[in-house]
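Taking it in order: structure first as structure tokens, then the write-up.
Letters A, B, C and D mark the chains as written, and numbering starts fresh at 1 in each.
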Amino acid sequence: MMDLPRTDYDTPFNITRTSHVVLTVKDLDASRQFYTEVIGLVVTADEGDTLYLRGIEEACHHSLVLRRSGDTPTCARVGMRVLRDQDLDRLKAFFESRGCATAWAEVPHQGRTLQATDVAGVPLEFCATMPVVPRMITQFHLHKGGAAARIDDTQILVPDVRKATEFYMAAGFWLSEYISPLQSSELAGVFLQRKGNPHDIVFFSGRGPRLHHAAFTSPESVNIIKACDVAGTLGFGSGVERGPGRHGPGHAFFVYFRDPDGHRVELFNTHYQAMDIEVEPVRWDPGDAARMTPWGLPAQRKWFAEATPFAGVAQSDPPRAGDPMTLEKFLAKQSVV
Amino acid sequence: MMDLPRTDYDTPFNITRTSHVVLTVKDLDASRQFYTEVIGLVVTADEGDTLYLRGIEEACHHSLVLRRSGDTPTCARVGMRVLRDQDLDRLKAFFESRGCATAWAEVPHQGRTLQATDVAGVPLEFCATMPVVPRMITQFHLHKGGAAARIDDTQILVPDVRKATEFYMAAGFWLSEYISPLQSSELAGVFLQRKGNPHDIVFFSGRGPRLHHAAFTSPESVNIIKACDVAGTLGFGSGVERGPGRHGPGHAFFVYFRDPDGHRVELFNTHYQAMDIEVEPVRWDPGDAARMTPWGLPAQRKWFAEATPFAGVAQSDPPRAGDPMTLEKFLAKQSVV
Amino acid sequence: MMDLPRTDYDTPFNITRTSHVVLTVKDLDASRQFYTEVIGLVVTADEGDTLYLRGIEEACHHSLVLRRSGDTPTCARVGMRVLRDQDLDRLKAFFESRGCATAWAEVPHQGRTLQATDVAGVPLEFCATMPVVPRMITQFHLHKGGAAARIDDTQILVPDVRKATEFYMAAGFWLSEYISPLQSSELAGVFLQRKGNPHDIVFFSGRGPRLHHAAFTSPESVNIIKACDVAGTLGFGSGVERGPGRHGPGHAFFVYFRDPDGHRVELFNTHYQAMDIEVEPVRWDPGDAARMTPWGLPAQRKWFAEATPFAGVAQSDPPRAGDPMTLEKFLAKQSVV
Amino acid sequence: MMDLPRTDYDTPFNITRTSHVVLTVKDLDASRQFYTEVIGLVVTADEGDTLYLRGIEEACHHSLVLRRSGDTPTCARVGMRVLRDQDLDRLKAFFESRGCATAWAEVPHQGRTLQATDVAGVPLEFCATMPVVPRMITQFHLHKGGAAARIDDTQILVPDVRKATEFYMAAGFWLSEYISPLQSSELAGVFLQRKGNPHDIVFFSGRGPRLHHAAFTSPESVNIIKACDVAGTLGFGSGVERGPGRHGPGHAFFVYFRDPDGHRVELFNTHYQAMDIEVEPVRWDPGDAARMTPWGLPAQRKWFAEATPFAGVAQSDPPRAGDPMTLEKFLAKQSVV
């Protein structure tokens, strides 16, 4: 029996969902074309050096923030929502009790915002509100490419998956699925969620912390194919890094793109509702290639090796360097191209 | 400014979602064929006079229960989930404080179950758990018809929508959208939710309480069309009562079927995430036919007039019989076929 | 045994397919928006008072020509292709041998063009070539609305279906399907084709000749739904006259729109290949509503009654006015809304 | 200007389309499961050691014949249709005038059948008729996996593409697209067609003759994805050899499977109508990887190297062994995995 961390269902604060990602990019025009034409996000505000985008169903101001920078492209911050402003104060206490740095911040187009670093070094920010803007869900003539509907989750590489898992489950996250070799208690990957589907934040073992990707949902499979097709036509075709394919864990139909700065973004659909307490987390054996990748080509090696650094955050390798559970190593068991 | 009831965000119990519907039917074989081949539910258990079905992504034992009965087909009960068993005791107190009858019940294939009648007379039941069964989401070769993924919501006709709305918002439900004539404070329809999309329970003005329909999600638009096509091939084609079409309120792509006993079931997709506190409920003017039904034929009159009685529950008409806000009347403004 | 006309497989000319339709419209801007945004045609040339459009897979210059006119909107001409220029001379002889008027014409953006009137009074034109323009099939970012791929066929109301059928089958057309009441030899509707799918020109009994509609194919079902959705958003929603639904005859998934001038246009997919000589024409009984319209609402009465006149062409009613086989009458047997 | 062979539009016979493929397999049960559950063909007849299958829209008896054999799996024959029986006699004369062997054959479930070997050594057979069976196109509840609608084309490796091209164009085939390096007159690949879409028979340079694959159309993109998903669930997932992806030449959305005996089969949609004489063949430069494969991973090497032998037919390499135009070599310019 696997010894898994346990969710604290009685936290005094309510984190509701993953909210947004802040990335730096070198060429804002190229990024804008990629994210609007291929991914299908819509622009809420263009403020010169910063572009705010959201999915077609989102009424919030932004789920992706792109900031122009001449430096190495990074992820500045991962954003999450809490239900009410008062949750922020309680959340601040939670972080501090764990020895994690916090700070109040003034962030444009967000309500009161708490910035904090999690136990793995990931720079987060939390707010309860954003300005409300119109959902574009029925502006069908304006939908483009993948018609990205909303942000769903982020995937993050960390050297100690169990440590991150314990932290987030103490903060009220549910563990929906996890990857762990048979006859081992190692956690190679975990899918953690708050909003009632399988994932808000996903951790995989690897040098980190680094942002592996941000994931947006597409309404239908054909939107995902259209994103690829538009990528091909507009010159972004070489950025289709993995898929379209079907995930074992999480069951999603997916495709991964690299954006013009190399940031990775996933479009997917076919997740499932997960809000019943009796359902145990699903375990996946990384050595079972046929279940991990039910069909099609495995990911290219770079899909495992490359990721976006967090701005100014030191990285480290998994603590036991010879550990077979690092992302790259366990997946090497599959016939990686 | 519309005077709307307010959600109580601090209820001592946590209702998580709509869970199941219990219907009586005359011919269990005919119903089984309809719900498996056309709607695409899967059978969890066949116990002679009772059939338990669930959607392809559901790990819970049932979201639809069909009981054979020679009497007039009815809805026996609408089921909802709470997070933990301890929520049931607190919920019992809530109902009793409002003068609503409650009782503990032994219900097969459910955890401890609280049965209660809401302020509108709707027979409900609540439980925290069900036996866990395999999700069929990746058993692609077994998916049929509409490939119904999970139960989403029920729609119920009641004579006093505001009264029901106040009750459910006091129980923690959010109001996502509502139908109310301009320059009026009447509520003709409300969309109430707990699980973070637009609807768990929907009330419309009309003779009631009666169950207008239960709604299941389909993964993609083509599944909804396939449900119609299978209905046509298998002799259920005349049961396609409304659509396929696009709803104004809620934005869903939908179709409504009448099952062999006349119970109405909706398949839909294209809902949206709704879990941010700053988003105000969306108001719809029932007289604005072009927004209420953006394209295509309006519903047939019987879609408005006919519904399933609740077993043993007295019905009444909207209190002000001449009120133009009854479902049938306000929708008559649209060019109902 | 039904006494059907026979195809002449040895005609000295080769008509290959339906090619284009020429319509007059009052407001070219409104028509342009409708046909590009909703139907998804692309503009090849805008010459002030005339707009030339084509489908996204078409390499020919036009499949729809819209001419501005202040008069009653009409269909000026239905166009067909022959394989080679030399076919035109032989085709001219065919028409003249049947007492049908012909004339050579200079038509912009078409090769040598033969204009001719068929036995039912329909103004046709034939050419072997058009200027070649780029297929837009992989310009995915420019696809809109229904993404109409190519013209497929026209449907025409005529007072004598058998007479038209004999004429076209003598010209080499194949009869793929037909509508005829049981125990009758009346032809109420015929599907005639040259290009190897079920239809290039369809005749139905009714006052005529009048153009009932032109039909374009859409790549996928979702394109047809998107056409409806864009129509709804852009204010053309009331023009969704019939469907989306499934035809019995021909098996197409379809929707019918009325354009801003009332011309009717169909989008459909799911046709089939038909080029094997051993396959007998399929007979449909108009009284068998469940097979004619497998599911969903029947057509509105206006779908049967209204059609576009041909410019300057006299109309007449079916010769036997009391005949139950007129389009309107036999279809009245179905529960027309 | 490329010196291409020319189509003879005045052949005294009429080949209408690719009709069927005859393969030998080791385990008829495994093949049956693969072709019915994954590809979605339906069984017309099971005669013990021979299985006859067809697509869901096909009214002909078979488009795929599987024969049990303990030997190395081979392709026994590629079938084509002619319009009328009398075409067979004229076609016999054509083959003989080119020095190609012919023979009349009694073939079960086919009309009078002419067997002949083409100039490249491919064993062909031609017939005008087959027994008519019901189209399954509207038996929606029976559609499975990729819902293969009909056979479309075969692709064949030959050592001399130009020679094969000249032969087939003399037999009336149209050249729709071809692959040829810039500043060269080499033909590395040709798409030849009779039925009015881009391909009935495709030749690529390589050791041969060998059958590279048979291609079937799927109604919609989601059917192609479903074929992959069913393959994954039923244990055929490792047979997804290439794609899903988008072809440059031909524009198809496609996937390639290897069946249980290693025979390759393609499912695709998004072809286009091609029956206008003024449209010149489209030239593709094999060195232009971005246009040849607009997005996604390139094919695995085995996709280029492996193919099915024809029963009892000697193979040879391309005549100029150092020629950079062999399939494997020119495609090596692309970043083949």
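Here is the rule we go by: a residue touches a chain if its C-beta (ideal position, glycine included) is under 8 Å from a C-beta of that chain, and two chains touch if they have at least 3 such contacts.
What you see is a predicted model, and the numbers here were worked out from it, not measured in a lab.
J.: What's the minimum number of touch steps needed to get from subunit A to subunit D?
T.: Counted as steps through touching chains, the separation is 1.
J.: When B-C is set beside A-B, which has more C-beta pairs in contact?
T.: Of the two interfaces, B-C and A-B, more C-beta pairs touch across A-B.
J.: If we define chain centres by averaging CA atoms, which chain lands farthest from subunit D? Would you check?
T.: B
J.: Compute the distance, rounded to whole Å, between the mean C-alpha positions of subunit A and subunit C.
T.: Once rounded, the distance between the two centres reads 50 Å.
J.: I'd like the Å distance between the centres of subunit A and subunit B, where a centre is the mean of that chain's Cα atoms.
T.: 32
J.: Let me have the rounded angstrom distance from the C-alpha centre of subunit B over to the C-alpha centre of subunit C, please.
T.: Spacing between the chain centres: roughly 43 Å.
J.: Please set out, as single numbers or ranges, the residues of subunit B touching at least two other chains.
T.: Each of 138, 220-222, 229, 232-233, 246, 294 in subunit B touches at least two other chains.
J.: Going by the contact rule set out above, which residues of subunit B touch subunit A in the complex?
T.: 9, 16-17, 57-60, 81, 83-84, 111, 128-132, 135, 137-138, 149-150, 195-196, 219-221, 246, 251, 269-270, 272-273, 275-280, 294
J.: Considering the complex alone, what residue numbers of subunit B touch subunit C?
T.: 221-222, 225, 228-229, 231-233, 235-238, 240, 243-246, 253, 290, 293-297, 300, 337
J.: Within their complex, state which residues of subunit C touch subunit A.
T.: Subunit C reaches subunit A through residues 37, 138-141, 144-145, 220, 222, 226, 229-230, 232-234.
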